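Two complexes come next, and they have one chain in common, chain A, joined by chain B in the first and chain C in the second.
Moving on to the complex of A and B:
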């Protein structure tokens, strides 16, 4: 943080009514309020930048999840494990075998996509459209993948070196270079994904199947091929998120749980099956998490995130940009 | 009128597909063999009675074989010891220390011929369960150990939430438990629960005192801890200790254990400009993440981690440069030859690196086995408990161990062990001071 930001803590409840933690009789810690005296703009920009960096990764996770549901009506509870698989592939290729990081990233993404295609073909094809059955199947796949990785690689957290290090500092706002790399690659992939969906033959076919698989079939589109493509691309997006975050955080078989939960929140906020909704929901969640974590603590941020889910489900169950069923 | 045996056979056969099919096979021949219908509709014939007798004979033979086998096994009895700990996820480096140390000690005893208790030799079997640092899973694990595995001795749990949840089970069932959770409440009002390694309450004072003496430039501190029972209790202790030495506590933070992204935290903390960020009982891998993210955000001050050890994980996650100069609590002297032997034994159970908690539980397990031997019983935990207390002072791997803690906990169930102050230099843990047994 830059000098002279003049930020201090207060024990006064203040207008928002938060009480100080000290002396509070129950173990639930209420946040202290961060009172800003000056340089609010700088802090706001920092918080905003942090939020955008979180949001980009949430978008990658949520896009794959919502696309799979939109096209196949499959709720993929194993999505977090595909994220983990991407990170594990980077651990193996970059961390242990010493390949170049960007080559490892590419191979990891392709591997996870191919693995997704195999899983879809062998285990999920017969469950397309059957949401409850597919939920249970993907849950079983999730547990199996997690356990296998834990057995092979061990349950402990591991780290890999960062491909880039250092920071950019712009007007007192600090942006780590590795986060910029993640953001840049994620943005590029999102643009390619958008172009694919709107201009590529197979992308248009996927959207057609999502709208009406029967009508799409009448147009000569093979739904089976599209399901494999959708699941593969969705898995690739999750694998990419995991592979990008592998050098940023630690890597373990259990690292997919929180991203899975975040993907769920994002698609509920944005609308299950809605791709623009996933983008809006991801950015919204990232910003909300950043603001509330910074000013009120992570517990408050988690509470607010789930509070938004409750509100959306009550007011607009189809999500911000989803279509009513 | 059917005999009782035939009626019993009817009940079995009516419910048994195999026997029903056997009856059906014979039914085709029955007309020639003088079968008779029994009350209740069950068809019995001479051949079916033969089948029944054959099955009965087989069952008796199998029972006899089992009896003979069990007779052979009883010459080499098995003593099952339970371990409950976080074997996966954040904190598992410590959890595998509990499990690894216990298993290494058990293997040493077994390789030397077993544990001889009152004339019977036992092979020690360590039954381990993962509680994932969660109280609910610890309760399930301990319930299973007590009711299904029928153990009388348990090492663990690791987490304070877990320990407080299972403490009543230990006390009600008379389970002699050697725990390592950091909460002071773990040892309140207990008879069968003992803690076998020092906690923040034991070593934070001496280490903060060392910081005060050797780093007078440090005036203000921010403390970060996990948001659970372990973190709440240890953070209170840390705050009180730093305040006692005159430090200005500029902030205290609690984070969910699953958190990986600490940028919001770091933003908050750096706004308070602490000279020192105390990482308390944060798991080592997570501590490394906080250090890295804070350094990337421009934090220039020092870090300390007066909590569970784990320098290799801290350096892996933070990077060597960012971790340089971090003051740490050191549980074990890695230059000790016995420590290196323990590392080799650990590598046969889990992937390296070995966490120093293995040392505590290696010593604790050996103390327990000796206490069982001296008490002459594997069932009477009260006798074993008394022998365990009587064994102090005990020569552990690194020095003298003694029971203490009366002033803090109201009993002497806290094992006092040698403690070290360390610093991370060039990615390695270097001991800068040794604190003897209090």
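Moving on to the complex of A and C:
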């Protein structure tokens, strides 16, 4: 919830509405009082804006996840760790070494992308096509990365200064400026990503492999290269989300778990492997989360999110925008 | 007696003699955890045999543990009743949710059970008045039959070993029965099986329920052995542990699940002092196995035992020659 906003719970459930214990989101169970001092229209705009700000980060996370699944058929349980790695890189470059924030952001994103390529080439390539084994491999990668970061940086929560602070106040609706910055950068990256997929040679090749890897191979596209590219780009998007959120939330080795779970939910809602689905699912989850955590608390929001997942899988397992299997 | 039987007898004697020969309560405790997780791993083996990976098994085990704990704490139920109820609740929940959950397959089933398991854990956390929230429930009575209370660790060990052995034999019996053949058929070619008049969903649900029962029993044992239950023991990582045991041991046979549990459960105890190094070691071992021993321990052992040494050498030479030629 935006600070200073017209709606608040007196016990602020914190970013994303969760506290993290043992790496798992634990809704805080304390008595809370809802305070609203805005009219109906302002309220709905505020809730909508909050939802969009949640949603855009979910979309960033979910896009990489869904793309990796669409192209490699690998369910990437390590996606949250790439998010965490992006944030850690910003902590190191911006927080500790004092580089410019935007420079740190760029280096962090490139580093995470490169790391993703290495991980894909060394560990995942030989398991592509075996869904169960590759899924377990990503679990193994996830806990290995997590514990390595915990060993190097310590398990405690750390924070960096916000490069942008202050709020915009438009007709009683309150928008924190740092969230606007996050939203703007994320939006720009989404546009670039869309153009890349639809007009760039490699982007087209990636979509071709996702559609039919055999036919793509016949056209002279090397799937191995595309796998590396897809995993690299997917990791970059996760790393970007982490690097953007680093100044807003606290940084810890376990910070990737909640966004990971959100990416999971978004991707199931939208359809595994579907890129428009990730966008639709991300916006939907952001709005639902915003509405329910505002009026009913964060636990209800999480329950509803899981409920939506169960419902969508039963009614239309391929997701809102997914192709039928 | 062939080599396999000899090895089996040696393993059996070692398993039974473990707590009495060493007489060390720490080693006995590890042994108890090994057999408890063996039961969970076996229940996962049943799911994998069917080709469905369930991440809800941590939650199902939790349901069993909380059922046993609540029955004994709140209703003063005798241990045996609470213990059996733990399994029944695990099985019943699987039986009721099965027809819904099992309508989807593959990755979707994995994700759905992931969500289902997390909902169960959220329920433990949120329903504070009944389940005690994050603190869980403490002071669960120990296993007890009439007037005999199971306080001795070595006897707990025998109890756990007995449960694991029953689970193992039960699984072997299922796999060798007609049901087992149907399960295999469903995994290999569902359409063909259906064309022979087999109700695929019904078999799946029954298998899921049996598997849930085993997980629930493991949970019931957990509650009375540790004397406390907390929600974070039953997150999807518990199911992942069970899965990893199967992968390490080899998923083809129940013996693989047993070997995986024996290998994996003591592992964190080696690096007891620092949790991060434990997790790191766990991750690295897992990566190593997936990369270099994809058939698991059992697969590799079975290959080495059943194949004469001369032939292994010949096969290795063939592989080398083929690689050079390529």
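Note that the second predicted complex is superposed on the first by the 287 of 325 C-alpha atoms of A that agree within 3 Å, B and C clash if a C-alpha of one lies under 4 Å from a C-alpha of the other, contacts with A are read in each partner's own complex, and residues count from 1 in each chain.
Note that in this section a residue touches a chain if its C-beta (ideal position, glycine included) is under 8 Å from a C-beta of that chain, and two chains touch if they have at least 3 such contacts.
Just so it is clear, the model here is predicted, and its values are computed rather than measured.
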Partner chain(s) touched by A:164 [first = chain B, second = chain C, both, neither]: neither
Partner chain in contact with A:306 - chain B first, chain C second, else both or neither: second
Partner chain(s) touched by A:41 [first = chain B, second = chain C, both, neither]: neither
Partner chain(s) touched by A:103 [first = chain B, second = chain C, both, neither]: neither
Contacts of A:176 with chain B and chain C, given as first, second, both or neither: first
Chain B versus chain C as contact partner of A:191, first or second or both or neither: neither
Chain B versus chain C as contact partner of A:140, first or second or both or neither: second
First, second, both or neither for A:132, with chain B first and chain C second: second
First (chain B), second (chain C), both or neither touched by A:317: second
Residues of chain A at both interfaces, chain B in one complex, chain C in the other: 21, 27, 29, 150, 155, 299, 302
Complex contact set, residues of chain B against chain A: 87-90, 92-93, 96, 227, 229, 232, 251-256, 258-261, 263-265, 267-268, 270-272, 285-286, 288-289, 293, 296-298, 313, 316-317, 319, 350-351
Partner chain B, residues of chain A touching it in the complex: 1, 5, 7-9, 21, 27, 29, 34, 43, 46-47, 50, 53-54, 150, 154-159, 161-162, 165, 167, 169, 174, 176, 249-250, 252-255, 257-258, 289-290, 293-295, 297-299, 301-302
Complex contact set, residues of chain A against chain C: 21-22, 24, 26-27, 29, 69, 75, 123, 126-127, 131-133, 135-137, 139-144, 146-148, 150-151, 155, 261, 264-265, 268, 272, 299, 302-303, 306, 309-310, 313-314, 317
Chain A contact footprint on chain C (complex, rising order): 53, 100, 103-104, 106-108, 110-112, 114-116, 118-119, 121-122, 125-126, 128, 133-134, 232, 235, 240, 243-244, 247, 276-280, 282-284, 286-287, 290-291, 294
